[in-house]
Amino acid sequence: MFKQKKLFELFRTVLAIVIALIIALITILFASEEPGRALSLFLFGPMDSLRHFGNVLEMMIPLLFTGLAVSLMFSAAQFNLGAEGAFFLGGISATAVAINQNLIPFVHPVLSILAGGLAGAVFCGIPALLKVKWNASELVSSLMFNYVALFLGLYLINYYMRDVDAGAMVSFRLAETSKLVKLIPGTRVHFGLIIAALTVVAGYYFMYRTRWGYRIRLTGLNSSFARYSGIRTASVIILSQVLGGFIAGSGGAIEILGMYRRFSWQSLPGYGWDGIIVAILARNNPALIPVGAFFLAYLRIGADLMARSSDVQSEVVYIIQGVMIVLIAAESFLAHYRHKLVYREARKSATTGE
Amino acid sequence: MNNITKVYPNGIVANEGVDFSLRKGEIHALVGENGAGKSTLMKILFGLEHPEEGEILLKGNPINIGSPNVAIEHGIGMVHQHFMLVPSLTVAENMVLGSEPRKGLYVNIKKASTETLELSRKYNLAVDPSARIRDLPVGIKQKVEILKALYRGAEILILDEPTAVLTPQETKELFEELHLLKEQGSTIIFISHKLHEIKELCDRLTIMRNGRSQGVFNVADVTEKDISRLMVGRDVILEVEKGPASPAAVSLKVEDLTVVNDFGKKAVNNISFSVRKGEILGVAGVEGNGQSELVEILTGLQRINFGSVEIEGVNIAGKSIKDIRNLGTCHIPEDRMTYGVAETLDIEQNLLADKHDSSRFTGRILTKPKIIRENSLKLIEEYKIKCGSPLEEVKMLSGGNIQKVVVAREFSVEPKLIIADQPTRGIDVGATEFIRKRLVELRDEGSAVLLVSADLNEVLELSDSLIVMYNGEITAYIEDVKSLGEEELGLFMLGINKQSDSEIGRALHV
Amino acid sequence: MSDFFNIIFSVDFGYAVLRVTTPILFAAMGALISDKAGVINIALEGMMLIAALTGVIVSALAQSAGLGLLAAVIVGALVGMILAYFALNLKTDVILAAIAINLIAMGGTVFILFMVGGDKGISSSLPSKVLPRIDIPLLKSIPVVGPILSGHNILTYMAFLSVWVMYIFIYKTPLGLRIRAVGENPDAADSVGISVRKIQYIALTLSGALAGFGGAYMSMGYVSWFSKNMTAGRGFIALAAEAMGGATPHGAMFTSLLFGLFDALSNSLQTLRVPAEFIQMIPYLATVIGLVIYAANKTEQIKRIQAQKERQAGTKTEKGKTT
Amino acid sequence: GGQQSSEDAPMDDVLKIVLILNGTLGDKSFFDSADNGMKLIKDKYGDKVLVKTIEMNYDETKWEPTLLDVAEQDWDIVIMGTWQMTEMLQEAAPDYPDKKFIIFDTEVDYSLPDMDNIYSITYKQNEASFLAGALAARVTTSDMPLANPEKMIGFLGGMDIPVINDFLIGYIEGAQYIDKDIKVAVSYIGSFDDSAKGKEMSLAQYSQGADIGYNVAGQAGLGQLDAAKDADRYAIGVDSDQAELFLSTDPAKAELITTSVLKRVDNSLLRAIDLHMAGKAPWGSSEILGFEEEAVGFAENDIYMKVVPAEIREEMDMLQKKIIDGDIVVSSAFGMSSSEIQALRDSVSP
């Protein structure tokens, strides 16, 4: 029965993807004169060369961080959308350390990442503090703080870190000592992937195997019960948001150190929202975060390759992404058939059981 | 209802080939253990759930009840086990919700109010149409629920455990009203775990067990013992056997305690008492006379305003809930779904809530899954929690089994002081028997027990001594409960009689 | 500094505040109605964007601003239904579904703009129409107040009217009653034969329609074209305004105005000698500060009352003891 | 996507040119203009060339893979723009010595080894902006129908960043060249998308006394044109001839756009291919193009002729000549620190 249900889940997911692909194909038919080629680029492009597959892994790295960060924050039932701002500020703070030319390797990236993490922690901690102290909606405050983070970050770059010899608003070059080493030759996959993997594993153990994770989950599921059980829910809420912010901030730092020569974001990079997608797909379970992140990254890279190498408009990929995400997350999709299966099984076991 | 079979999406077969029939104008009881499938069957009749098999006949005609709307059209009304009211709306608004009288584009609130009043007069169920639901006590809410069904023209009225939250007085009143309804031609289905109520009120009864019907009986033909045997499949001891108490040192001492609630009212007014190891002190009283506030103070859920509370010799002022628990206190909360469990968490993790960080279950950093599993399996077996595995979500359990999860967790700390607030509310006779027995066992092992219950039988049966609360004050301290009659207790509970200060002062055991 | 006061006490400034507030107010009403029915609608941003494009295309094709507005509102409502379908029928997490809609809106509007207008940035090649401005005869002639309140786009008036309509709708009509019941206790609504799903469908559809008004204002009132991502976060700000306004029509209006005020201020204050980034921060920071002051006030008030009651009760207890 | 697909290119004597944009089309600015350059090339050379435009979007992490992808594919010339691409190109180009690269609006560092397959093009947008500033100064002090007595002009920037400030500095210098007392109200939108906010800010400038504004904010700057119509004031467009955008759909608005400062990336790319075809392309070096090469310019359309009085137009022609001849030297924001720019802004702030 259990196995059959799992099989059914697999079938359901596959079918959802197929339907999403059909919708994608229809959209592509409108946009392209060579829909077959476009679709195959979309589906298989990311696997047709090491570099392209590398692109998928590269993109996964920030998604792993923000996905984990969001799932940690949501686990405490806090609708904190600050991962976006934390990621951005994380990048800024890391830059402030990384443009320093007088540090030694290893220590340099560690310090930069810590700086990024701290910035993120403070940033996501503030809405939590306002919530706990005055019951101010964390949704509203974090949403607004994201914009504040953007403009604050731009100010810091513009007035303190901008390289005036560069032809754009970018920071000074990051010191070579601060960069994260590349892991796979021929791609830009960097050491951040290993940090991300370790963080996710640690995140899983933290959430499901430590007292703190337990407290966070319990507080998120039923805070009255958690309080009754002797848990100080206020500090648990703050802890979860600070930790989530730290992870998002480190993610921003690692993205900058691994992928950039200089800090050059001029708007919020959007990984916070992506993190929400990943976290919801993974149902806030760190163990499933890599699956969600891989899915989203693959989708994005495939779509990019399609837009780049075929005649499909790059905007079409947003439509396809949206449809795919929605269908795959649709819990009641085929629920009717699932119930029939359950019913048949129950009857069978009832009759054989007697 | 013929041959009804219902399988929930999680694969649980809640009803299996159930036949159920009603005669016009009768009060028909539906009884069974927790999770036997009573609520499910009624939800099917009311269109909230849809059976996989079976048919429903009304006056001989097959009908298809696709939604509550259809049920209402057919004159079926339901009062649910848990209140189905919107707290921020008024009584009148709740009454008419879904079939509002209109004036132009607007809801005709005036008409709603007058109709509510008329109805409440007609059936002798007094309510104030303009009061907000959130401000009402449970007894009134229950009346609103019944009126709601009647407003929609219910001829068949389903009452799913309406008395679980009522005081004896309120129950009595409700029964009078139900009789009145019956006389006026209504048919009533009555679900309860309190067998004496069924004996008192009902004409016939259907017994369910494990999703199947065990048959229909005339209430007059069966005894309470028969019913419980048919429900549980064995004999149930309806009275707890318990030896005399041997009280030892004081465990809990409350002195001059006053609690001011959010409305500035003194919910608890200058009370003093103590509980000794090896005794069960009952707190009797009509609900809403300060018992909940008292328990909140004792367990640290609320801060102490005035007075002092000592547990095991430690003053708990300024202590956290955790500190209080560490003194050896455990707490069975009144509202198990809010304070007792996290519904979507599995049983095992729920059993761990208060001791997740004890060194037994958690090392320096990581938890110890093996020991945790051993613990949960042991408790599930010991407390006979009916479930598929420790990893099942708590919300999949029936109310009684959820209560067992709470009790198992709370009792598994070798408690020095047990604060049991309505420990058997709404659970079946089997589970009730079990929990009561455990309480007595723990007393005999030397725990101090403070038992708060609105169920007079329970208080009288279980307690060694007793305080009665009325209007936030203690009106009586009864040292030996056996000497007390129900009548006498009632007078204390209603505040008509009050002992002298010195008599009450004995509660402190100084 | 006198410049500063000249700016904020000018008629133009007052007028600007109302203009800036309009799209946010519509979307905030959209947020309100879905919130009341117990579903959070994060897709307002995408809905506005889609409606803004629709308004432009239809008004250009039909050569009628009215039809453009109608189409924008209908399409907004349709998107609301689509969100409802995914969230309620297919049980996709409503936040995820809304994020997906925002994604689709972001790319889809540009794609369609390109198909229709041959341009990816702006719809200037389409002869689209704008909605008229309205002078209010009597009001107009009152000094100061007149020029601030009169002569706005018709949608500005409709936005403020919608607050009142919303109030009546939610608190006085049967449907409003049902929406509130569904939002607060869906099981209770279900048990009296109200279809929770239907009510939430209606609420999300109305929410989409209101966002549609906001979107139409952006492209057919505020400016006279559609451009890529032109809503620029207004849908999210509306969400914040609604939550901050305590989920009531008037509260949401008040907070929308507050945001409008600070936004207008930041638009006017750029000549102050402060880095632009700080001035750009003003509206957002002001919103958070507003929120915190409001929330803090409320909690402090509760604490104060509690303490006061305790004191009163305490003195009585003391007295009771001594006597 | 672009016009042709790459893979099925038949003959070897076809010159295959790809343009990779680190953004998206529709900016009404130099990405659109660059794309237009590809069209000009196609129109001129027909079957002898194969052209394609790829949008890489604004996510910077996607740019390098795309650059490497196209470098590996069968293209002869790879064109890209903006300073953000320089460092990537400097690293990639040496690995593909048989490919040619053109980078516009910036230049690579030719002191590095193996840069000889790269040709860099930059533009004198500050010089064109100088003219815009001078024109604005003349307009605000003129008795043209919509001008007011205040000596105040507006500047609407997208963000406080070097490229935008390069326009700003030329504009300020131009205005001050005409009259030292001219005040310049400077606003930055903080975004290149939010045209409503652009409109709001322009309205604020107009209501504070500016009677002509200059927008350098991509799509968001178009809000200024709407504001000009509402407030009945003048505007100056940027990058492309913005009056043309509205000439057919909203002539009344178009009439207020006195002129536009043009940055003709399209011309410069066509010129580059012309040079290449003639074997004269300066690979391995950089060129700064200005008025002479028609790489920057001043839209002298019908509206300009109609609205701007003849003596002002003559003066503009004269100034343009002075700039070309080097009699007037316009400063550049590149290389200035943020505080220096802030100080300059403050010095002309109203």
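Order of writing sets the labels: A, B, C and D. Residues in every chain begin at 1.
FYI, a residue touches a chain if its C-beta (ideal position, glycine included) is under 8 Å from a C-beta of that chain, and two chains touch if they have at least 3 such contacts.
Just so we're on the same page, UniProt names per chain: A, C = Simple sugar transport system permease protein; B = Simple sugar transport system ATP-binding protein.
Keep in mind the model is a prediction, meaning the values are calculated, not measured.
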* Intersection of the contact lists for chain B and chain C -> A
* **Approximate Å spacing (C-alpha centroids) for the pair chain A, chain B** => 44
* Rounded Å distance, chain C centre to chain D centre (Cα mean) -> 36
* Asked: Distance-wise, how many Å sit between the C-alpha centres of chain A and chain C, to the nearest whole number?
  -> 28
* To do: Send over the residues of chain C in touch with two or more other chains.
  => 110, 114, 120, 275, 277, 280
* Asked: Where does chain A touch two or more other chains at once, residue-wise?
  -> 31, 151, 154, 158-159, 313-315, 335
* To do: Check each residue of chain D and list the ones that touch at least two other chains.
  => 24, 160, 190-191
* Asked: According to the definition of touch, which chains form touching pairs?
  -> A-B, A-C, A-D, B-C, C-D
* Structure fact -> Counting only contacts in the complex, chain C reaches chain B at residues 168, 172-174, 177-178, 180-181, 184-185, 187-195, 305-306, 309-310, 312-314, 317, 320-321
* Partner chain D, residues of chain C touching it in the complex -> 7, 10, 12-13, 16, 19-20, 23, 110, 113-114, 119-122, 124-128, 218, 222-225, 227-230, 232, 263-264, 267-268, 270-271, 273, 275-277, 280
* Contact residues on chain A for chain D in the complex? -> 31-32, 34, 37, 51-52, 55, 58-59, 151, 154, 158-159, 162, 164-170, 188, 255, 259-261, 264-267, 269, 304, 307-315
* Which bits of chain A are touching chain C when the two form their complex? -> 30-31, 130, 133-137, 139-141, 143-145, 147-148, 151-152, 154-155, 158-159, 273, 276-277, 280-281, 313-319, 321-323, 325-327, 329-333, 335
* Structure fact -> The answer for chain A against chain B in the complex is residues 1, 205, 209-211, 214-215, 217-218, 221-222, 224-232, 335, 338-339, 342-343, 345-347, 350
